[in-house]
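The letters A, B, C and D name the chains in turn, as written, and every chain counts its residues from 1.
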Amino acid sequence: MQNPYLPREAEIVERIQEAPTIFTLKLRFTDPAAQPGYAYVPGQFNMIYLYGIGEVAISIVSDPDETETLDHTIRAVGRVTRALSRLKPGDRIGVRGPYGRGWPLLEAQGKDVALITGGLGCAPLVSVIRYIVARRERFRRLLIMQGVKRSDDLIWHEQYQRWRQLPDTEVLLAAEVAEPGWTWHEGLVTALFDRAEIDPGQTIVFLCGPEPMMRASIYELGQRGVADEDIWLSMERNMHCGLGHCGHCMIGAPFVCRNGPVFPYPELKALLGKKGF
Amino acid sequence: MNERREIRIDVPVLARVEGEGALDLHIRDGRIENLKFRIGEPPRLFEKFLEGREAFEVPDMVARICGICPVAYQMSAVQALESLFGWRSTPWIEAMRRAMYCGEWIQSHSLHIHLLAAPDFFGFTSAPEMARDYPDEVRRGLRLQSLGNELIRLFGARSVHPVGVRVGGFHCAPPKDRVARLVDRLRAALPDAENLVAWTASIDLPKDQQDFVSVALKHASEYPLYSGRIVSDTGLDIPVDRYEDHFKEHQEAHSTALYSLLEGRPYLVGPLARLNLNWDRLPEPVRSTLAKTGIPFPSRNVFHSMLARAVEIHLAVVEAIRLLENYEPDVPFVSGQTRAGSGFGCTEAPRGLLWHRYDVDENGKVLKARIVPPTSQNQARIAEDLHRSIEAFGLDHSDDELRLHGEKVIRNYDPCISCATHFLKLKVIRE
Amino acid sequence: MAEPSHYLPRSEFPRLLSVLASAGYRCVGPRVRDGAVVYEPISGVEDLPKGVHDRQVPGQYQLEQTAEPRFFAWANGPQALRPLTFAGRDKLWSAERKPDGSIDFKSDPPEAEPVAVIGARACDLAALYVYDRHFMQSAYPDPWYTARRQKLFLIAVHCTHPSLNCFCASTGDGPRASYGYDLALSELDDGFLIEARSEKGERILAALPVREASAEQIETADREIEDAGRRQVKGLPSRNLKDVLFARLDHPRWNEVAQRCLSCTNCTLVCPTCFCHSENDVASLDGSRSEHYREWDSCFTQRHSYIHGITIRPDTRTRYRQWLTHKVGSWHDQFGRSGCVGCGRCITWCPVGIDITEELAAICR
Amino acid sequence: MDRKLRVAVHKFSSCDGCQLAFLNAGEELVELFELANVVHFAEAGIVDPDARADLAFIEGSISTHEEQERIRRVRENTRFLVPIGACATSGCLQALRNQADAARWFADVYSDPSKIDHLDTATPIAANVSVDLELWGCPVNTRQVMATVSSLLLGAPPREDKEKLCMECKRKNIVCVMVTQGQHCMGPVTRTGCGVLCPGIGRDCYGCYGPAENINGDAWGRWLEQKGMPAERIARRFRYIHSEAEAFREAGRRWREKS
């Protein structure tokens, strides 16, 4: 029987520093046979193993059609991720996956897509933006809303500037604390709703970020007539196995690793925001 | 001789003694003007916080006095408390205590010989350094040390602050198969132990004959460990509860530590004192292994302490085999009522006589505890020896040589300074 | 209820062990160790807890020796089948780092040997059904669980001596074992009724010196089992409690139980359906080798719900609530049944005697 | 690794038992000396107290002015500082004086306490300087210290475990001594790490690894009180090896007030 817990060896092909604590690792399996067959959709994740230290769940941010490397954008926050941040090209790590349910990109085709994120560089959605931009014609209007705590925290500045130039694309940014030179909104991301154009029947919304911010956004979306079924969100919970066995990531009945990490809002509605779930 | 030389050697941290001590040596005009062996271990007040505790709490507390010889502290304590309460332990319990104690001797003596003392005599600063040139000897030492630890673990689950000892006996009897495996290991270690005796006897030790008083337990038939009367080579022969009549502690003018004297004289406790007083109790084959070295006992050379430790490792291995080879589990402890009064316990810690006294009230709580560890008892002897042997060594040696010799002398006593539970006054030296 | 059954006299009971042994099974069964009935390898019937009764009340477990001839006159012990399938600690794989920096991953597949378990209870078998679904009928079958599970030969013994903490009758899982076994026994004073339910079971049965059970024997056995159900004093409401519980997340009782609960994890670790585990790495000192382990975890720990900077369940109230809302609530969505099989272990082995049936009664009342 | 890890082992007020986690390590000790550059470890013969170190293990509590000074110097010289053992993490038994009339205790033992360099308290290292990780246990064991070294060599601090002893007790299929024998086992309030030594030999845990996270000392004591244990004895259970670890100190204080 195959051991589903066993990682496969991958090599770091390139390491990109995105921001002081955020970096991207471009990986390639050392077994050449493993690479081509590796299929995933944006929003799915891998368990990344740092030799001798442990595994962490990290979303896949590369474009699924790009089979050369497998990219992960990681924020160095703790024991494993900080040590991962010190790796260099050529270093080896372990990878197993892809796991979970990704963003409903097929369903989103032909619709307006609103991508709303909060917090430091929400990698899973940036990869969706890139995915859509690369296939712009399949989607209708693209609305990007991103909020950060301090304006300095915003990463991928130039990309936001580039994206806002695209046809039918709206980019709205907000910072709770604006440093001099910030030309975007000062305040919470939810304040951006008053400026955004949202066509409730036509829009599918992808949310990613801290749970209070997602809840506030859902409220605003509801006020604007967006149906619960059209709202999708990406969740994070403590995760060990990624296979739906270890029990850490349950939110009520759903396992984030198996039934998520991307959920349609109705599946979580009852427990979202309930302290303790 | 009219050369004027003033040196001050200050060794702030003594390497390779457990705990920390320091030696101040002040030489003026070719004479030792001032010599201080200071125990730098900060006071921890064990005797105070034992007050108000119930008997069942004592063994786990006194273990913490010393991480190197916790079994000794537990054994003296349970002996004192059981004698006070009048609980009669069984032959099985006594035998197992002796076996566990053997583990501590093997462990502590191996640690001392290999990691602490031997590097001195071969010109290394540490055992890992010595391991490069003498890998077999150091490995043999580590093997014996680990065997001793395993023997403690058999009864105590771990070798430092073991958890198996209780007033009345043990918390549980070890399973038979584990004991059998350990007996196999003990048997396999006999050649190591014998070779160790030969090896320590072959080390070129300073030939330094001194006059000193040896004090140790003496048992009717066995080499002393867990029980016996307190005897000396000056004719003392008393039961343990009369200790306080003959041994007095006092404060030396310039020292921080408590000095213990027997009828006004410094005295030696520990492996050499034990062997000097009990070589006739050595069982075969320990006796013949020692005889093969050609070194006669009693010995007046304090540096033979190291050989005495090796002999006691051999003895402990042989004893442990004897005590455990026909092992059957048995009722592991006795118990009963507590009662008020004073109880005394005295056993042979690896470093020598360890004497406890507990005064207990009618609720079974400790009113007062007095613990006289071997290191305190050797204080006066170490200071005396240092003075003598450094002068005999020759004060014209370089500072470094003097320092090394002084350290060698102190280390030879294996002073476990953490054990020094109580000190009297501290005199701060200011220049 | 009575099915055609065979009778094995007590004097022939050792034959069952020898037949199992010659069929290649290692026998695991109940025996007394450290004051409790535990399932461990047995070498003969003399290892079985003959005449032993257990007295279980919240937070207490005591054995009592009687002169009775029966081997199975007790309810249960702290663990039954759980450690035999989902072990406290398992090495999942190891990795070696070569001098060139490459990593060699090696799976450490479980080496399961055929094991016959004598004395499985109905509640244990019901719990195994949940584990099977969780670990085996998964998109990623767990090799350790699966290997051990497939080598198990299960001999149920219908329960006739429920403890004061048992309530399997109310959950519908006992006292009679009704599925999941190879052989089932009913213990009578002078022998056993024995019935096979699998081909493996039939083969063993065929090698035993059994005779047909009398109607009277069958009737006695049935009556004892039915009595056992009736004697149970605790119970769970038989309906699905999911909606009630999730509607009462702010019930004051959660606070009240949190005052008593030690958050010590014992309830979850003796529960035969709890499956939480964590994974850890242990590297050698020189870093040339690292081993990856999984071990039992529990929703009562802080780390269980930690995500960077936030602990989802920081206090005992939310942890206790997680355990109950999952066990008898969201469990229904996950496994199509409640996670409680009525064995009463979490009540007995809670060091401060918290009683799940009382808590649920207070909250769902 | 371009340069060997520089490791130091310092001793303050203690019994030396935690250093034995190294000295009893056998082959692993020899291996450690090969892998790392041990710059100060007096008991093993290497003395350079002011050496700069990447990793320093600190045994012992701070109970004299000299120690207060010395720990500051060690902190300045150390990148990653790890107190080991009860003395260094909570003060151990000698910290019992913190809650007593320390002056009287000294006066009882010393004829002139003013001449001894001592503080009225014995405090953990973290109360004196910042620390990077703590290894709890009285004493710590070889596995704990070596796992720290190996993890740091691999680039990350070791995983810290604050769970209750009961978890490991259950994983090892040890039969609970509290439930079967009514022993006053401290497992439900004690941090895991020892390998469940005490219940493993059929006795109660006495808490030598210190408090676990989120303990409920009141509920634990109330249960024993109902079973007949006097409040004063419950208080003493907490006022033992880790009397000054906050959770035990508070539980001990409340039970003492009740008695």
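The definition used in the following text is that a contact is a pair of C-beta atoms (placed from the backbone, for glycine too) under 8 Å apart; a residue touches a chain by one contact, two chains touch by 3 or more.
Small disclaimer: the values here were computed from a predicted structure and weren't measured.
K.L.:
Any chance you could name the chains that touch subunit C and subunit D both?
P.N.:
Looking at subunit D and subunit C together, the chains touching each of them are A.
K.L.:
When all chain pairs are ranked by how many C-beta pairs they have in contact, which pair ranks first?
P.N.:
B-D
K.L.:
Mind having a look at which chain is the central one, using mean CA positions?
P.N.:
Chain closest to the assembly's C-alpha mean: D.
K.L.:
I'd like to verify one number: the distance from the centre of subunit B to the centre of subunit C, where each centre is the average of its C-alpha atoms, in whole angstrom.
P.N.:
That pair's centroid distance is 51 Å.
K.L.:
Centroid of subunit B to centroid of subunit D, CA atoms only: how many Å?
P.N.:
The answer is 25 Å.
K.L.:
CA centre of subunit A versus CA centre of subunit C: separation in Å?
P.N.:
Chain centroid spacing, subunit A to subunit C, equals 40 Å.
K.L.:
Quick one: report the Å distance separating subunit A from subunit D, using the average Cα coordinate of each chain.
P.N.:
Computed value for the inter-centroid distance: 42 Å.
K.L.:
Considering subunit A alone, which of its residues make contact with at least two other chains?
P.N.:
51-54
K.L.:
Show the residues in subunit D shared as contacts by 2 or more other chains, in ascending order.
P.N.:
Residues 150-151, 154, 159, 202 of subunit D each touch two or more of the other chains.
K.L.:
What are the residue numbers in subunit C that touch two or more other chains?
P.N.:
280, 283, 287, 297, 303 - these are the residues of subunit C that touch more than one other chain.
K.L.:
Okay, what are all the chain pairs that touch?
P.N.:
A-C, A-D, B-D, C-D
K.L.:
Please name which positions on subunit D make contact with subunit B in the complex.
P.N.:
Answer in residue numbers: 11-21, 23-24, 26-27, 29-30, 33, 38, 42-47, 49, 63-64, 67, 92-94, 96-97, 100, 105-106, 108-112, 115-118, 122, 138-139, 141, 194, 197-198, 200-203, 206, 208, 233, 236, 240-241.
K.L.:
Which residues, counting only subunit D, touch subunit A once they are in their complex?
P.N.:
Those in contact with subunit A are residues 150-151, 154-157, 159.
K.L.:
Within the complex, which stretch of subunit C touches subunit A?
P.N.:
92-93, 95, 97, 101-105, 107, 109, 134-135, 138-143, 146-147, 246, 249, 275-281, 283, 287, 290, 292, 294, 297, 299, 303-309, 312-313, 317-318, 321-322, 325-326, 329-331, 333-334
K.L.:
So in the complex, the part of subunit B that touches subunit D is made up of which residues?
P.N.:
Residues 12-20, 41-49, 53-54, 57, 60-61, 64-68, 70, 107, 111, 115-116, 119, 124-129, 131, 138, 142-143, 145-146, 149, 157-161, 163-164, 166, 171-172, 251, 256, 416, 418, 422-428.
K.L.:
In the complex, go through subunit A and note every residue touching subunit D.
P.N.:
On the subunit A side, the touching residues are 50-54, 79-80, 82-83, 86.
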